[in-house]
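Chain lettering (A, B, C and D) follows the sequence in which the chains are written, and residue indices restart at 1 in each chain.
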Amino acid sequence: MRITGIAALAGLALGASAVAGVAGPHLRAAGGTISGTITYTGTPPKMKPIDMAKEPTCAKQHATPVMTEGAVTGPGNTLADVVVYISAGDQPGPAPTQPVRYDQKGCQYVPHVAVMQAGQPLEIYNDDETSHNIHPMPKLNSEWNKSQPPGTPPIHTSFDKPEFISVKCNVHPWMHGVFAVLNTSHATVSGADGSFKLEGLAPGHYTVTAWHERFGTQTADVTITGSETQTVKLVFKATPY
Amino acid sequence: MGKFFAVTVGILTIVSAGIFMFHVWWLPPDISVLGAGIDHQLNETMVASGILFVASQLALAVFVWRSSGSTGPIKIFPGGATPMVVIAVVLVGIEVAVLTLVGSKVWAGLFMVQAPANALQVDVQAEQFAFYFRYAGPDGKFGAMDPSKVSDANNNFFGLDPANDTTARDDIVAATLAIPVNRPILLTMHSRDVGHAFYVPQLRIQQDFVPGLVIPLHFTATQTGKYEIVCTQLCGLGHYNMRAYVEVMSDSDFAQWLKTQANQ
Amino acid sequence: MTAPAARAPWTPARTGVWVGIAAISMSFAAFTSALIVREGPGSDWQHFRLPPVLYANTLVLLVSSALLEIGRRRQRDGREASSWVAASGILGVAFILGQIVAWRALAAQGVFLASSPSSAFFYVLTVIHAIHVTGGLAGLGYTYRRLVRTPGSAAGVLTAAATYWHFMAALWLYVLFVLVARI
Amino acid sequence: MTTPVRETVAKLTELKHQPPEGFWRRYVFSLDHKVIGRQYLDLALVAVITGMVLSWLMRLHLGYPNASIGVLGPANPSQMTPEYYLQLMTMHGTIMVFFVLTTAPFAGFGNFFLPIQVGAEDMAFPRFNMMSFWVTFLAFVTLVASFFVPEGPALSGWTAYAPLSAIGKEAGPGEGLGQTLWAISIALFCVGQLLGALNFIATTLDLRTKGMSLARMPFSTWAWFTTSVIGLIAFSVLLPACILLILDRVAGTSFFIPAGLVFNDQVQTHSGGSPLLWQHLFWFFGHPEVYIAILPGFGIISHILPAFTRKPLLGPKVLIGCMIAIGFLSYTVWGHHMFLSGMNPFSAILFSVPTLIITIPATIVTLLWIGSIYGARLRITAASLFCLGFVSVFVSGGISGFFLAQPSIDTYLHGTYFVVGHFHFVMGVAAMFGIFAGTYFWFPKMYGRMMNETLGKWHFALTFIGVYCIFMPMHYIGLAGNVRRYSSFTDDYLQPLLPVHKFMTIAALFTGAAQLIFFYNLFRSRFKGPPAPPNPWEATSLEWSTPASPPPFDNFGGKHPVVTQGPNEYGTAGAKDYVMQAGGEA
C-alpha cells in the first residue's frame, strides 16, 4: 500500500501532499469533511428564458420556459453549479471505474456540470425524441463531435487530461454544459442553494478551489486533522455582463 | 419485347402525367401576395411541358410498337430532320420566349424591387443549426453586432453588447418569426458561420444566407397561422433539423406578442 | 496546297502543346478572375512592393525564349541547334532559381502566403507558373536528347517545345502585369 | 491536309508501337488505349457499386429510419447518424459524378473506341494516357481513404460550398481531414481528366486515317471530341478552385472565407474571402460537367441506334451541330445554380435565358432520335432497348428542366427533391442507360465474347420500370416542398410524404437488386460467353472492321483502313442493308 502510494505520488509530483499521502492508508468513508456555501457579491447577469420553438418535442416537456444556466443563483446570493474540488494536498487514487452519467433531457444537459476524475468513464445518454450532437470543446484532450439519435445506446467515453471542457449541442445551440475533468476524486458541484460538501479527507493541508464558468476561481486553504468538518466560505465577484 | 417497351412507356407516361394533373401531391396553399404569380407561372409551365412530355413519350411508344420486328422496307420520317428542327425551334422557342417574359416579371416583383417604406424590418441570424430573429424594439434601432460577443450559452445569438450599446438593450430576439398579417416584411439576412437558406413553402419564397453578406428579402403574408421555416442549403450535420416557425398574426396579436417578448 | 519544304511537319505534339496552352490559359483566367473578385469586396487587400529580382527574372526568361527560337530556326535550316537549346534550358533553370530568390526575399520581409489575399495570390500565381516552367524544362531536356540522338526527326518536338516555351514567357509577362497592376 | 497526317501515323507506328512485354506493361502500366479503356471501365464498375451501395443505405434510412445498417454503419454508434447520412450523400454524389459518369462513358469507352473509330493505332500520347488513368485511380483511392480517417469523409455535398468546406473541423464532423482529402482527390481527378482530354483532342485532330474526314466521324467520336473540349475548359477551372480551397484549409489563406465568422462561440481568424467566388468557380465547371456526363451518352445512343433501326439517323449534321451548340451554351448557364445565392437578381434573368435556349438543341436531338425510329426495322436487343429507354428517361428528366430554368419557379423548387429527381433522370439515369447500351453493344468487341441477351432484356425491363418508380415520385414530393439533403424528415408538413419515401426506398432496393443481373451477366460473359464474331450487330463503323474481337494490339493488324463513307450508311439497297465505313473490307 505504501509503495503504491509512493509510486502514485512520484508520478503525479504533488509536492506538499507527499507527507499526507505517505502518512497512512487512504480512507474513503471516514476522515474529515469540508463543507460550505458558495455566494457572490455584485450583480450577476439576468438569466434569459430559452425559446425551444424549433424542437417541439423538447418544448412540450417544459411547462414554463427553461432559463439559461450561465449563472444560476439562489436566495441569499448563493451560487449553484460551482465546481468545488481539492486542487492541492490530495493524493489522487486511480480513476474510479464507476461511470459518470450525463443526460440530455428536454434539450438540456442534466446535470449542467458533470464532475469526473481524469480517466473516469463517462456515459452520455439521449433521453429525448430527437437527435443531439455532443460536441465537447477541450483544449488539452482531443476534440470530438458526434450525433446521438434517439433510442441509441449511450456514448461511452473518458477524458485523460484534467481541464474544464465546454460542451455544446449544435443542433440545439442553447444547450451548453461543462465537463469538469479533475485530478482528484474529491470534487463536487454546489447545489441549488450554493452548498457543497467534500467528504472522506485524510488529515493534511488542502487547497480547496471553486470554479465557476463565468466568474473564474476562488480558493481557500484548509487543514484537516481528524474526522472533523471544516467550513469554508467562498465568495465570487459577479458582473452583470 | 418491343411491344412490351411501347406499352410500358405508355403506362408510365399516363400514370406520371396523371398524378401531376390530378394534384395528388401538390404545393401547399399559398399565403403570400406574390405567390399567385409563381403558382401561375408554374401552372403554365406544367401545361406546356406536360403536352411536350406526353406527346414525345407517346410518339416514342407508337413508333417502337410499329417498327419493332418489322421486316418491310424502311421509311424516312416525312420531311426528314426539317420538321424536327422546326417543331423544336418554333414551339420550344415560343414557349421559352413567353415563359421568360412572364416569368421575369414575377421574379422582378420578388427580388428586384425595394421593400415598401412601411415594411417591418426583422433582422435574421442563421447559424449552425437555428434561425434567430431580431426586432428593433421601441427605439426603432438595431444594436450593433460584434462577432466576439456572440455566445450561444448566454443566448447572445447576435453578438450584442447591451453593456455599452444602448440601442441593443431593447432589441427583441426570438426563435420564432412573428409577423403581422398583410404588412410587408423586410428580412435582413445574415449568417454567422456557413451558408444557410430561408424557405417557407407556403410563402413561395426561398433565399440563401451567405456568410459575409447581408441579403434583403421581402414578402407579405396574407393569412394568419403557423408555418415552418426550413433550411435548404446544406450546412452540416444538423441541417435536417434547422427550422423555425413563422407565426402570422393579426395586428393586435402581434402588438401583444412584442410586449410579452420585451418584458422577458 | 503544299507546305514549304522547310516547314516542320505537323505532329500530334504540336496539337498537344496548343491544347495544353488552352488549358493553362483557362486556369490562369480562373485565377485572375478569382483575384479580381477577391480584391473587390474585401477591405483586407494589402499592397506590397514586388521583389525587384522579378524584373531580372523576366529578362532571363525572355532571353531564354529568344535563344530557343534561334535554335529552332537553325535546326530548320539544317544547322547545329542543340547548344542553343541547352543554353535556353540553363536560363530556364536560372529563372526558377531567381523566382526562389524572390519568394525568399518576400518571406524575409514577413510576407507569407496567408499574410494577405494579395500575397496569397502572389505566391499562387508565381508558384503555379514556376511549376509549368519546370514542366517545360523537362520538355526541353527531352528535346535536347532527341536533337543529339535522332536529329533527323526532332523538328516536330523542337517546334512543339518552342511553342510551349514562348507561351511560358508570354504567360509570365501576363502574370507580372497582373501582379504589378494589382499588388 | 490528309497526306501529312498519314505520314505521322506511320511514324508513330515505327516509334512507339511494339507490343508490350511482361505482366506490368501489359496489364497494369499499359500504354495500350484498349487496356486503359478497360481499366477505366473497371474503375467505374468498382465506383458504381460503391456509389450504389451508399445510395441504398441512404434510401434505407429515409424509408426506415430505425433500420440497422450493421457493419456498413459508422463505427460508434453503429446507427445511422445525421452526419453519416450526409457523408454517404457527399460520397455518393462525388463518386457517381466524377468516377462513374465521367470515367465510364467518356474516359472508358472513349479510350477504347475513339482511336479505333478514327482508324488510329493508339492515342496520340500513350504515356499521358497511362498517367491519366493512374492519376484518376489515385484520386479514387484518396477519396475512398477518407472513409477511414477520424470523423469520416466530407459531408458538404459534391458541390462543397464554402465556407462549410473551407473552414476546417470547426464546421463539424467530416469537415476536417475528410474534406481535405476530398479536395485533393478532386484536384488529382482534374489533372487526370486534363491529360485525357488532351489525348482525345490531339488524336481526333491528328490521327484520323485516310478518308476519315471530320464529317465522316461516327457520332460517338464527335461526342467524345466535343466532351473533351468541354472537359479541357471545365477541369482547367475546377483545378485552380480546388487549389485555392486546399490553401484555405491547410495554409490559413482566406479566398473563400469571409471575416468575422463564429463557430462554437469562437471568432475565426480568416478575413475578407468570398463564398460566392467558390460557387462561381465551381458551377463554371459544374454545369459543363453535366454535359461531360451526358454528351457521350448522346454520342453512344446516336451511334448505336441506327445499327438496330437499320436506317440512317435523321439529320446527322443537325445532330452534331446540336451537340456542339450544347457544349458551347453549357458555359453560359452556370448561374442558374445560383439564382437564390444572393447574386445580383438581374443576372438571374441573364442566366435563365441561355438555360432555356439550351432546351432547343436538346429538343431537336430528342426529336431526331424519335423520328429515326419511325418506319424502322427495329431489332430489339438489350443494347437497343437501353437506347430507347435513354430517350424516354432523357425526355422525362429534361422536361423538368423547364421549371428549374426559370428563376421565378426556382424560388419555390430550388433545394427540393424536384431538383434531385430532375438531375437523377437527365444526368444520372440517362447517362447510365448510355453506359448500359454501350456495354451491351461493345462488349463483344472489347472482350471477344457475347453477353447474354435474355438476361440483358430482363435487366432492362426491371431497371426501366424501377427508375421511374424511384425518380418520378421525387418530382411530386418536390412540388409539395420536400427539402433535399435531409437525413430525416421531422418537419410537420413533411409527415404526409413519408409513405412516398418508403415507396421510393423499396423501388430503389428492387432496382438495385436488378443490377445484380447485369453484374452477373458481365462477369459470366467475360469468361464463359459464346465467342463473338467480328461484327455481330452488322454495324458500319471502323471498330467492326478490325480483324478480331478484341482487336489486335495495333487495332487493324498492321493495315491502315481507308474510309470511303460516313457511319450512317444503313438501309441501303443490295445484298446487305449497310455499307461499312472501310468499304466492307478491312
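To be clear about the criterion, a contact is a pair of C-beta atoms (placed from the backbone, for glycine too) under 8 Å apart; a residue touches a chain by one contact, two chains touch by 3 or more.
The structure presented is a predicted model; accordingly, all values stated were derived computationally and were not measured.
Listed here as common contacts of chain B and chain C: D.
The interface with the greater number of C-beta contacts, when A-D is set against A-B, is A-B. Per-chain Cα centroids separate chain A from chain C by 63 Å. Centroids of chain A and chain D (each the mean of its C-alpha atoms) stand 55 Å apart.
Look at where the CA atoms of chain A average out and do the same for chain B: the two points lie 46 Å apart.
In whole angstrom, the spacing between the mean C-alpha positions of chain B and chain D is 30. Residues of chain A in contact with two or more other chains: 130-131, 133, 145, 147, 168, 170.
For chain C, residues touching at least two other chains, in rising order: 41. Annotation for chain D: residues 81-83, 172-173, 259, 265, 273-274, 276, 488, 490 touch two or more other chains.
Pairs of chains in mutual contact: A-B, A-D, B-D, C-D. Residue ranges on chain D touching chain C, taken from their complex, read 4-5, 7-8, 11-12, 124-125, 128, 194, 197-198, 201-203, 205-207, 232-233, 235-237, 239-241, 243-244, 247, 251-255, 259, 271-274, 276-277, 280-281, 284.
Chain A meets chain B in the complex at residues 45, 48-55, 68, 70, 130-131, 133, 145, 147, 166, 168, 170-174, 176, 240-241.
Residues 130-131, 133, 135, 137, 143-149, 151-153, 155, 168, 170 of chain A are the ones that touch chain D when the two sit in their complex. Interface of chain C with chain D (complex): residues 3, 9-12, 15-16, 19-20, 22-24, 26-27, 29-31, 33-34, 37-38, 40-45, 113-114, 117, 120, 124, 128, 153. Residues of chain D that touch chain B in their complex: 81-83, 86, 155-157, 161, 163-164, 167, 171-175, 257-263, 265, 267, 273-276, 309-311, 314-315, 318, 340-342, 345-346, 348-349, 352-353, 356-357, 359-361, 363-364, 366-368, 370-378, 380, 385, 388-389, 391-392, 395-396, 399-400, 402-403, 406-409, 411-412, 414-416, 457, 461, 464-465, 468, 472, 475-477, 479-481, 483-493, 497, 500, 571.
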